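Comments concern the structure below.
In order of appearance the chains are A, B and C, and numbering begins at 1 in each one.
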């Protein structure tokens, strides 16, 4: 690989978040908060059945509520132009695909009127028999053509069954993770405004351009007729990675009030059905090894759910294909198509649930082989990517495990479970590997113009969801142009800016940053080192970014210490440490926040999160933040994130992505620590007190 | 039903006509354009809507605006003096106690209110020895701030920021 | 939310009269439960009579040692009050265990007592619920009932009372002072909340127009040695899986006086009379604490998802008594 590397000065500096001041003052405008004149408010009506048809809708009472502008149903909604995306096929037919689906909407002058009138819309249904029973023994499980991100559904190397059967040490267990929801603090929101044949959306999205492309297509518009503005995003974690039904609903409703801004924010309750979710998983993991712990067979079989109307197959077994060396490996994904909303991305899709199972399985194997769990992993370190045979771009898992162990104080650990206790709390420690692929998405464009104000205006439709983009792209631009960060004026989050790929797959900085570097180099080539005001240049993420000659992944090690109350089963994580290898760190201050943020989400996954489906009703019972628990401040005591000092020669910045790896492996480290504390192996998340009470 | 009320918001007298159903949160956000208070759940379960009302931290999503007639409200916007940040805001910035920023104004108002409560000697659930004046340990800060959820997971830095603000005199 | 009129009460009697005059009128305290339910469509009053301005915001230590807490006292102020912290620590701790700092600054004593169950099915107007809609069925009994009752439930309703404060008040034998259309009356806390029976729609014995004006705490030596223990799914800001309010006085190694109430397990705070009876006069030992716990939970009935609460309640009860014993030494 011969990438021309940037000389770094701003990159690597722990600059304060540039949008931080606006955010601490509450002055940064999120989607719903953009100032608009005389807005109208939209309140959806949701289906009360999980499958069937809308037979009739009585809007008479609702439409007479004072302040109501329109009550929209599938009979009266404008027609969409494309039915390609069934999730976005909003109010176009009488079909109901999941409980909570939009079946009508009220547009009114005030929030209160819209909401009240929505309660008065009376919908009659032809109730179909729904099926939301997620189980691994369903006869109708099927293999998707591919899983998310285009990976093959199944892989089969050698003869895994035979090798497993013949292995001296065999580990065979089934793990499960529940349905989970992203729960960004900012609910999905949009303001839609039609001005003649142009639509403006103030949105909260991880990809303004991808919203524009999809929305334009659904509405039968040219992309240049749609503008999406999203400078600040109150979290997404994947749930804002693609447009959802609310975007289309707002656009359709706004057609009933042209020239008037229509505001729609999903309620927290609505986010449980309309903002995507992480599928529950049931995973059978088998490991066959010699007594020395060297793996002979790895078999990972995953069962997950998808909606009936649109498929999403989480790539849960994919990380298993690269983690450890074994001559015989088999992975498999099977889906249950149910009457549920379409699952979507949630932080590190695939890796998160897959590495939970895999890394607990490795811990169980370590116990069976009487080996230290770190030693077991080191013994199975693959020299090259087991699946493709490609050389590793930068694999430093072993170093992360060793360095992390050193910082965490692992060497003094007594491997016997249940040996430590203090004042009624059993204490244990656990470790797990972490990984995330390094993605660069093609298609981003950056433009740079040297302005009259003496600064370089850098423009690219990138997104900052708290990920630090406002700051890190400024730092990259500064080094690419060899000036101070104060000499850069960055604009992001608007489709009026050059195209940017979605903030997903932890690919943002690599994809956008590279486009900026290319544009900077183009500017220098065309206009030299002292350009005149008005000089500009643009460039795309270059073709050399699309290089698959190496297996490029980030790795890490997660360590956790837990305390388990011997009488109540309560689990508290007393400390966690993550040691990561993710290439050069653009901004240590912001990177640390991303890592600990991911680890906190992993803690929350391990101990708290679960969306419970009531099969009779076809809906999630605990559909609010009092019922769906995410970690509170009191749950997070001592979390530290560290990283290896490295430079990845595969991008000019030397970096890889960091947004998602923090969550990967965290739950496994905690589950392994719980085992070490108590001798009880909990294989089903979340680890709540009832699972530990005998 | 409509009602006329007056609120003092970030130092400014504001008069408004609202529906009795309008919450203080929606009055601020939709009627007065004061969007520093954020709507995260609208049911008192996340704390993003926290402001200081007559000096005390409260959630605004479950307060009816009409019931707050005459109240004095300070949001994160009002904590700053023009361009000069409140010490707690400054500490949040320095410790990167935020990421997406959506819970942040609520966290900050909650922290300011919480420090007043601690200064007044109010105990928390984790205070050992209920009758003595509590010492603001990290455990105390965590417990007292647990009414403000942060999905980005900035808790560790939030605690560090508050601790730092206290050491720099934010409680005196 | 359905439209409603709003009035600020100027005195208690006229507040009562206003509410009595309109069948869909309610009193408004801090609003943290009422407004929540109005938004959910569970409550739809057409008149709110705001009682937060009434002169019920004081905590008074009376001559006979009784402490009178005005119904309008905010939860945070009650928890922080010196007299409460010294004489009734269990009450202070119970309050601090509930909700969040912001909510405690809004919630009133009266409102907290009237807090309704957090059963997810009760709060969802699109599913059957006998409490919300008598006769429509109980969705929890064969549904997801991890949070639900193990004692005192009926075939109509298996909901639990969510208030921490009420559990402490129950252990303390508090009295609720109510002003109704017929005048003032005193209701022992144990009689205030109901078991569901055949009328789960009635959480308390209050009638329409009854206004809580105060709660009285009797003078009590044992109350000074009391504590609240709450087991929850996360370290803070969560309802109880199980909670215990207990007061214990030990003399010469024997239990002189004991009060125990359990939370999170029934439609009302559960006064553990059997446990108390078994402990009074008995040796203050771990064994006897365990026996008392077993006796109290003997009739506990598990639903599909909440059986763990039985062992958890027994353990929690033992743990609190153990810790009070250690504290007493």
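Note that a contact is a pair of C-beta atoms (placed from the backbone, for glycine too) under 8 Å apart; a residue touches a chain by one contact, two chains touch by 3 or more.
In this text, all values refer to a predicted model and were calculated from it rather than measured experimentally.
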Per-chain Cα centroid nearest the overall protein Cα centroid belongs to chain A
Which chain pair is joined by more contacting C-beta pairs, B-C or A-B? A-B
Measuring centre to centre with CA averages, how many angstrom lie between subunit A and subunit C? 40
Report the inter-centroid distance (CA atoms only) between subunit B and subunit C in whole Å. 27
What are the residues of subunit A that contact at least two other chains? 112, 116, 626, 631-634
Hunt down the residues of subunit B that sit against at least two other chains at once, touch-wise. 19, 21, 42-43, 142-143, 145-146, 148-149
In subunit C, the residues touching two or more other chains are 1, 3, 235-237
If we count contacts the way the header does, which residues on subunit A are in touch with subunit B in the complex? 16-17, 19-30, 32-33, 35, 110-112, 116, 182-187, 232-235, 237, 265, 267-268, 465-468, 589-590, 592-594, 596-601, 604, 624-626, 630-634, 636-639
Quick check on the complex: what are the subunit A residues that touch subunit C? 48, 112, 115-116, 119, 424, 567-570, 572, 607-608, 612, 614, 616-617, 621-623, 626-627, 629, 631-635, 688-690, 693-694
Mind pulling up the subunit C residues that touch subunit A in the complex? 1-3, 41, 118, 120-121, 124, 126-127, 139, 142-144, 146, 231-239, 241, 308, 311-312, 315-316, 318-319
In the complex, the residues of subunit B that touch subunit C are 1, 3, 19-21, 23, 42-44, 47, 50, 56-59, 62-64, 66-67, 110, 113-114, 117, 120-125, 127, 130-131, 142-149
Which residues of subunit C touch subunit B once you look at their complex with the stated criterion? 1, 3-6, 28, 31-32, 35-36, 38-40, 48, 50, 52, 76, 79-80, 82, 85-86, 89, 92-93, 96-97, 99-103, 105-106, 230, 235-237
